[in-house]
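This is the structure I want to talk about, given as structure tokens.
Every chain is named by a letter (A, B, C, D, E and F) in the order it is written, and numbering of its residues begins at 1.
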Amino acid sequence: MKKRILFINPVGHDECDKEVFEYLQQYRDPDTEIVVESLPAGLPKMLEYSCYEALIAEPMLRRIKKADLEGYDACIIGCYFDPFLDTAKEICHHMVVTAPAEAGMHIAATIGDSFSVIVVRNKTIPEMREYVYKRGFGRYLASMRSLEIPVRELQADPEKTKNRMREKIRQALEEDMAEVILLGCTVEIGFFKELQEELGIPVIDANIAPLKYAEFLCSIRDCGAGWYTSKIGKYESPDDAELRAWGMRD
Amino acid sequence: MKKRILFINPVGHDECDKEVFEYLQQYRDPDTEIVVESLPAGLPKMLEYSCYEALIAEPMLRRIKKADLEGYDACIIGCYFDPFLDTAKEICHHMVVTAPAEAGMHIAATIGDSFSVIVVRNKTIPEMREYVYKRGFGRYLASMRSLEIPVRELQADPEKTKNRMREKIRQALEEDMAEVILLGCTVEIGFFKELQEELGIPVIDANIAPLKYAEFLCSIRDCGAGWYTSKIGKYESPDDAELRAWGMRD
Amino acid sequence: MKKRILFINPVGHDECDKEVFEYLQQYRDPDTEIVVESLPAGLPKMLEYSCYEALIAEPMLRRIKKADLEGYDACIIGCYFDPFLDTAKEICHHMVVTAPAEAGMHIAATIGDSFSVIVVRNKTIPEMREYVYKRGFGRYLASMRSLEIPVRELQADPEKTKNRMREKIRQALEEDMAEVILLGCTVEIGFFKELQEELGIPVIDANIAPLKYAEFLCSIRDCGAGWYTSKIGKYESPDDAELRAWGMRD
Amino acid sequence: MKKRILFINPVGHDECDKEVFEYLQQYRDPDTEIVVESLPAGLPKMLEYSCYEALIAEPMLRRIKKADLEGYDACIIGCYFDPFLDTAKEICHHMVVTAPAEAGMHIAATIGDSFSVIVVRNKTIPEMREYVYKRGFGRYLASMRSLEIPVRELQADPEKTKNRMREKIRQALEEDMAEVILLGCTVEIGFFKELQEELGIPVIDANIAPLKYAEFLCSIRDCGAGWYTSKIGKYESPDDAELRAWGMRD
Amino acid sequence: MKKRILFINPVGHDECDKEVFEYLQQYRDPDTEIVVESLPAGLPKMLEYSCYEALIAEPMLRRIKKADLEGYDACIIGCYFDPFLDTAKEICHHMVVTAPAEAGMHIAATIGDSFSVIVVRNKTIPEMREYVYKRGFGRYLASMRSLEIPVRELQADPEKTKNRMREKIRQALEEDMAEVILLGCTVEIGFFKELQEELGIPVIDANIAPLKYAEFLCSIRDCGAGWYTSKIGKYESPDDAELRAWGMRD
Amino acid sequence: MKKRILFINPVGHDECDKEVFEYLQQYRDPDTEIVVESLPAGLPKMLEYSCYEALIAEPMLRRIKKADLEGYDACIIGCYFDPFLDTAKEICHHMVVTAPAEAGMHIAATIGDSFSVIVVRNKTIPEMREYVYKRGFGRYLASMRSLEIPVRELQADPEKTKNRMREKIRQALEEDMAEVILLGCTVEIGFFKELQEELGIPVIDANIAPLKYAEFLCSIRDCGAGWYTSKIGKYESPDDAELRAWGMRD
């Protein structure tokens, strides 16, 4: 089944778009067409602080609703905080939306009994841990371990980053008894394969996981089963007139 | 101790500002000066949907940071979803910020062993329940009961609203064994006193609760103890240069 | 990607194999080849009691390990108790294994904020609820509601079964505020589509859900990412010599 | 609003009363009048053991009920175990009652996302942890760390105590990721300010916290809102005739 | 093994002592000698309110410590609140102490997957539920249902009480899916057998349960294994000199 | 009361039967007659892997049901995984069944506020921890610490095993604040007494604990109270005709 998937780098620069596109091309389903976009310049360059998430809320959600109307099959919010994922599910009517932590945790909870998340900075842990519990995966959480490398420097010296990752993953395996590793930032791109093979345990990449999960969500909607976000309760949408009033319906 | 408190109606109309101001005047500490504001026209008129919260994120947080720099002592985000309260704590350096659910739940958990929340619509329950658990008050939650009256009609026929409230509160007391009642919307204004006296149990108003809690948070900061939002971990702020870059520092 | 998936009806009769096969054919990925098998005659005809699960443990696990060695890509244990799913993951080295409750709960927790399970008899609820919590989905559980129709009679009078389902689903939606419905038995086959369309909420079928989840688990293993059951900790296998000693390796 | 607050040192000696009085004078609201009392000689000199709490139960509760009848506005039970706080709420009809852990945890859960408690001895941890969970704050608990200095020696060598505190707080911040520190004993008096300023995080003193919380509870009762302990359910009082029979009503 | 067990009716009247003695005689182990005592006149006649528990704290604990020194093998605190059970374990060095809820919940959690407690008044539910969770049995709790008959009237009209019990038990079985029933008051004496036989499910009596559990605790101490309350951590006793100072050691 | 108790070593060798028999003889009640049996040769020699549990399921449960029909009073499943304990309760009608973890955790939760389990290998921890939570004892779990000695070598060098145990117990006491120790394997036989005396805390042996708990469960069934596994809900048995069809009824 053909499907067109929009990967949004929810930041105000397009420096990573090409790399992400080429990376995802290697792992996509043959029927999947991938588009990678970022947000308009002038918005935050990374989301390490909660206030930066707030700054991108409105433009990102407008872009997501537009994609829903344009006929995209799926959308990935490319940040491990899964910013405004619930809201995106609320406003869409056809397009599925997913994000790295949602996708990665569902995978990890299926292929192991516990996981550790390798985050970029301790600052991100309270919000991320909260999300683990909110989504029901607290019982699987072995630990969160921080690289203490800011997002914007993760790719500056890949060897240094990889060594720090290896060290933190080893601690997670030995001290915290993790069985699966989640890389807790989309900018930790390009490392999982080598570490996975070297260490002999699954290492989940934050870009590929939501791609595959998005394809899965398309497949349960399109295979004849018709399973899609429930529109009663949490994800009930405003009616069309209201959406139109906010420029979210044409 | 003199303190200036900003109550923000986080909606794009000022229809309630005067009523809220006069209401709060009756319950404020004599040393408290109250300012009630709403957001610029053009923004959503109510926040029943999560996407409307997203639309007000950026302008509201900019207003809050500005108030912090202007020397306000406290700010109240006047919506029972406590929208972006954590983010507001992250960006402020002097001003305390609180909101109805935070304030109301701390009060209810002190003066009773369980509480029920009277919400406006079932739609709001999943997000509100999530917040109850996130903040640690799940062990006190007797129930959430819905008026099934949209926010914009709550004040249209006050007798009808009051009767529905009475019915839902009675069910919460008798069937759910609630000991304290929280009114789960700031627009449920003007009803608590009569119901509280009639039913003989505490009914917490969503406007007054954060006012008193804001005064309390000022008092622990200003009495000599100096207790204020911890600036390590969850509420660590971006540094001044970054805030300035986003127009949040002058 | 071609994939061969074995669906095991873990009971000692093959009365449903053909029906299940034809049912799944309608929902499979074009690249999926489906084989449906049941266990040897003489084993229990249904698993409503825990002791019947115990009786099928050894023959079913031997069949699963044999399938792993035969090169099957995935195996589905076709019973909503997910009997011995963890054990199956422990002994396999290439083949993914999944089952209805695992698959259904991951789907439901993604497309809604709460779910109810429509089970066949109250007797099954304690074991099923335990499993919901064990797998981390307790926070999503709105209720379990029982048809009180024994498994062996579910297809005897389909209209009666469908009517009972409709009644129980309505109660789950209205009284328990469920957003998604899980059908809690593979023999509740053939009903989901009509009920889903009529009631306007997702109804997850216990046969199709694990089929699609199995395809997904194949895709994350085979797309280049190589994600497969972690072989440290819970799912560590006995070594080959030991497996061979038990006739589980050739 | 004038308010008279009784601080009870729930021990059988008055050695600390003057120090506590002078300490609290520095932090009280200008309208607050403070009275510090201890229990009659002959009762335990500290409450490190649960049996000592039992010994003070009856005389302390009689004193509290008497204060309620005398017209005190608030009462503080000056021990971090919050001994018999629930019972005190049960028997009072006008006076608010609070205690260090209740007050401190409400504050800490508002100004940070996690807290550690610096206790005097490991012996106290099981009972204190139980209380943290009972009151709903388990989700905030980073750790409990023990000074291993008996209560009666805390003030013998203040420099030693302060150094030990500093060491334990540093561990809590660095190893347990605490964002706020609670001093877990009223006899840890006089240290918070210096440590708070040196370490740059909020350190909550066990004497001042309940003073400010008591003032807050008075303010929500007296501001016109009339919010006071719910008298249905957990805190329902025996009727007056019964209280009189026990000498708890005149 | 001979063992002498003291059953304390923790109230200030001996009206029930003879009845309890004769009741327990029918269920004791042949080697068990039973003594039933109550507390001195002048103390509360029942413990429905938390403040009455506080009034009996000191005399009851002195009696318990005395019994420990007198060589009693076990002591039962005969009230379903298990008042001061933890404290009693703290001060004893040879005698085991148990109480109805502890004993009953351990039994119920072994012979069933869920239980309901039939309490005397709604007022007791918050404290009792708190205890269920504190002791770890929350996962087994189906419901608490109240007879709404005050303790002092439970035996006034046994037929009425029995009928109310039958009604509440039936609701617990049918609506709450309880598998075992706990009678939540020692004064609900004399009813369990008939209801158990009539309804076909285990009904646990609050007097007999702690008797059998006390015998069990004696057996694990005296059979050679030597298992007795751990004296590190929660149940560490004050040293002998301190106990002597409080008249709790001779 | 005479009682005949069957202790099943659920493995396919009888090497330990005599040792276990003589060991238990020292701790049994004088009225208890003990029979120790193992399963037929050809079955797994230990249960370190979940698949070995599955292999013994059918023969062990048939043996247990046979013992129920033969008039045994109690049966002990002699493995700390408590394999198929729930299922055994489901099929029996007179005989009580218990197992080491169930028995040991009920004891530990009564005589202490927290426990650590000394397991043989890290591999066993996920399944064992899951069971701790399933049974409600998660709130008591201080830690699981592994000897990293395979079951089959535990008795090869008893001094080495004892030294490793001492080291792990010390860590549990000092670092994890455990108050009681559970030995997490029946083959850790013969060590508890010396360690208990040396370290001054209760060390619960996995063979003796279920013996004493089995005696207790007999006593509550046979003393006149008639308390036995509830036969509604989780432990409801198939009817006799069905059991007969499976050779589990004569």
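Keep in mind that, in the parts below, a contact is a pair of C-beta atoms (placed from the backbone, for glycine too) under 8 Å apart; a residue touches a chain by one contact, two chains touch by 3 or more.
On a predicted model such as this, the values are computed, not experimentally measured, just so you know.
Student: Common contacts of chain B and chain D?
Tutor: Both chain B and chain D are touched by A, E, going by the contact rule given at the top.
Student: I need the common contact partners of chain D and chain F, sorted by label.
Tutor: A, E
Student: Go ahead and note the Å separation of the Cα centroids belonging to chain A and chain B.
Tutor: Roughly 31 Å separates the two chain centres.
Student: Calculate how many whole Å lie between the centre of chain B and the centre of chain E, each centre taken as the average of the chain's C-alpha atoms.
Tutor: One centre to the other, that is 45 Å.
Student: If a residue has to touch 2 or more other chains to count, which residues of chain F qualify?
Tutor: Expected reply: 113-114, 122, 125-126, 133, 177, 179, 233-234.
Student: Mapping chain-to-chain touches, which pattern fits: line, ring, star, complete or other?
Tutor: Per interface graph, the chains form some other shape.
Student: On the basis of the stated criterion, which chains touch which? Give every pair.
Tutor: Chain-chain contacts present: A-B, A-C, A-D, A-F, B-C, B-D, B-E, C-E, C-F, D-E, D-F, E-F.
Student: State the interface residues of chain E toward chain D in the complex, per the touch definition above.
Tutor: Its residues touching chain D are 44, 49-55, 57-58, 61, 84, 86-87, 90-91, 122-123, 125-127, 130, 133-134, 233-234, 236-238, 242, 246, 248.
Student: Could you list, by residue number, the parts of chain F that touch chain E in their complex?
Tutor: The touching residues are 26-29, 98, 102, 106-107, 109-114, 135-140, 173, 177, 179-180, 192-193, 196, 200-202, 204-205, 208-209, 212-213, 215-217, 219-220, 223-235.
Student: What does chain D use to touch chain F in their complex?
Tutor: Interface residues on the chain D side: 122, 125-126.
Student: Help me check something: in the complex, which residues belonging to chain E touch chain C?
Tutor: The touching residues are 113-114, 139, 177, 179.
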